[in-house]
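First the structure, which I've put down as structure tokens, then a few questions once you've had a look.
Order as written gives the chain letters A, B and C; numbering starts at 1 within each chain.
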């Protein structure tokens, strides 16, 4: 009897371990297959020309495979959206965690969650049919499908990530610190700015990085509202073609295992590396500055 | 002291009031954004929704008719995805929360999960295309799409299951072990039943996440148009999110089908937000009961 | 009464990481006696108790040196099956912790996990244990209701019944009355008197009157060390050491 139980026990332990490694296996599979399908493009162009080439004409004869404008577009929409989403996300997090009454925060929190749950295609559609004509009229520009519109839509997709992770960080600041500050005669606001925020800075940084990582990898919004022109933008109202949009719109037309097909996978590699770096940095910050007890900040 | 510097005190309080209002405004903007988007879709979409719309396939090169194949396709894909993500996700969370001891191994696994969660959805699409569609020769099919979506939903499933397991008081585990139960007996007789409602909430969230995704199924499962409903897991399908994208950007008559686009978007929103709302309400009740 | 040694603890050291929580503990437990462990918070008495059924194994950074012999066999020997060991040693925790199951299923739990499937046997054993824990009359008509509906005192006696159902030889009690009111406490103390006829009982308590009332032997812990052990009467009236006397008379702790 005891023997049978011991065997079951060991079997289950091993089984669970094997299943738990599935995530890592999958991550490796993603990398392996991206590289397998992407690397062949470098028989046609050098890595340097691929990344720093300004011209993306994959279907011309001869084709040009330079994704600099796509990379710049991705970075531009991400940064511009971060300018909106970072303050909005962090301020909302502070409001929920520190200021709002329990009742109010119990209404706002689910709202932020629902905002996160909106399918990206719906937000893209909204940007196309409502925001684009609006921008076009107000700013008198040739098209409302541009960098600014895409950034605005992306901002609302990364706000929930930034907000809920920042809120967790703020919540984990021990109450004794707040009390100490209030007892010294600081106002609630001064306590938030001088004690709570510095103490939760690492968590908030993680939140911001993950929010930006979400924005750079988001596909449908940039596919539908960024405008799709593969040029390096000169103004925030220029149409752009970020990497995910390029992959999503061209893969259907690229002949199987043609140079174009491989070039799109190689673009996927670049995109993957960007988000991978974002995630590694976020993880490193979260791990290094992990709050252990009240003594460490 | 407070008597001697009342003006400074007043200024500090005034400043605080202003800044707090800014914080409040930020929070309101989020709610407003959600409200505007949902209101806009309802206002424009509700007229399109009727019995025919929900129960008929599209006709006349998708300029008329309904979206039944899309609804069925999205249900198949999201249920398929969760059938894959749930067992693997629950088992991974059990390993991480119940078996693994803190150390390098668990850190590596968690890093892997975090990174998987951060992989862009379009990259999942490329992965699904290269692995399931091409390499495993599944073709553009429900099974290939479900596997791709399943891989994407996995980190969500692991996260919510871990939260549910952490909410089970340690005293339950100790009591069970103290009675001579093995670890596995403790897990499946005490820990899992107690965590079950939380795991189910996570599952609903997982389904809704999978239902709303477009990029991963573009190359792996979804097609422009197929009038028939799927009969096997190797069939290609239409899907609500992809249908919206197609009608809004690549249809033959983008303006003429606007009402269909709104209608489809509204159905998708109902589906996704409805499931989320159920999960959120259910979870807040659970949390209250736990306290 | 024959005084046979049930558990022998020899030179036990216990570490949490680098922190030495228990230092050189040597102590014998006799069958059918109640021994209480007293001392100020953080003195190691609960840690010591949890060494006896290897509950501390659950803490990954813990380490044990020395020997604990149960009927002459070392419980930390690699060949010992910790699961079997725990079914020989019952444990009752500080706060009542019934599972979110029915009253019946709570008591039947230990039997089921130990592989007993005979329905009649399980029913008999559940009834016996509930009677032994002096709670049968209060729950016999609501066996299939949730155990979480019971009062705190009832829950704790249910937890005792749950531990007894496995027919352990030893019962470890970790401040079993700390979350209970005086009347519920009195019931548990009466129960301990009854139970010592068939079990060896080790109880951690914060409450010195309780130690004086229920135990035959009292051991005083301080800062991870066993300061003094002896007959409860002696310890409470004529302790050998000044430290013990100070604690008992309430001069510190």
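Everything below uses one rule, namely that a contact is a pair of C-beta atoms (placed from the backbone, for glycine too) under 8 Å apart; a residue touches a chain by one contact, two chains touch by 3 or more.
Not measured: the values here are computed from a predicted model.
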item	value
Chain whose average C-alpha position is farthest from chain C's own	A
Central chain (distance from its CA mean to the mean of all protein CA atoms)	B
Separation of mean Cα positions, chain C and chain B [Å, integer]	47
Chain A-chain B separation of Cα centroids, rounded to whole Å	16
Cα-centroid distance, chain A relative to chain C, in whole angstrom	53
Interface hub residues of chain A, defined as touching at least two other chains	5-6, 9
Touching two or more other chains - residues of chain C	83-84
Of all residues in chain B, the ones touching two or more other chains	182, 185
Interface residues, chain C side, partner chain B - complex	53, 55, 58, 60, 83-84, 86-91, 93, 95, 97-101, 109-110, 112-114, 159, 162-163, 166
Residues of chain A that touch chain B when the two form their complex	5-6, 8-9, 12-13, 15-17, 19-24, 26-27, 29-30, 33-34, 36-37, 87-88, 91-92, 94-96, 99-100, 106, 108, 110-115, 117-126, 128-130, 156, 159-160, 163, 187-190, 210, 213-214, 216-220, 223-224, 244, 247-248, 251-252, 256, 264-265, 268, 271-272, 275-276, 278-280, 282-283, 287
Chain A-facing residues of chain B, complex	12-13, 15-16, 19-20, 22-24, 26-27, 29-31, 33-34, 37, 40-41, 87-88, 91-92, 94-96, 98-100, 107-109, 111-127, 129-131, 134-135, 151, 154-155, 158, 182-185, 205, 208-209, 211-215, 218-219, 241-242, 244-245, 248-249, 258, 261, 265, 268-269, 272-273, 276-277, 280, 284
Chain B residues within the chain C interface of the complex	101-103, 169, 171-182, 185, 189-190, 193-194
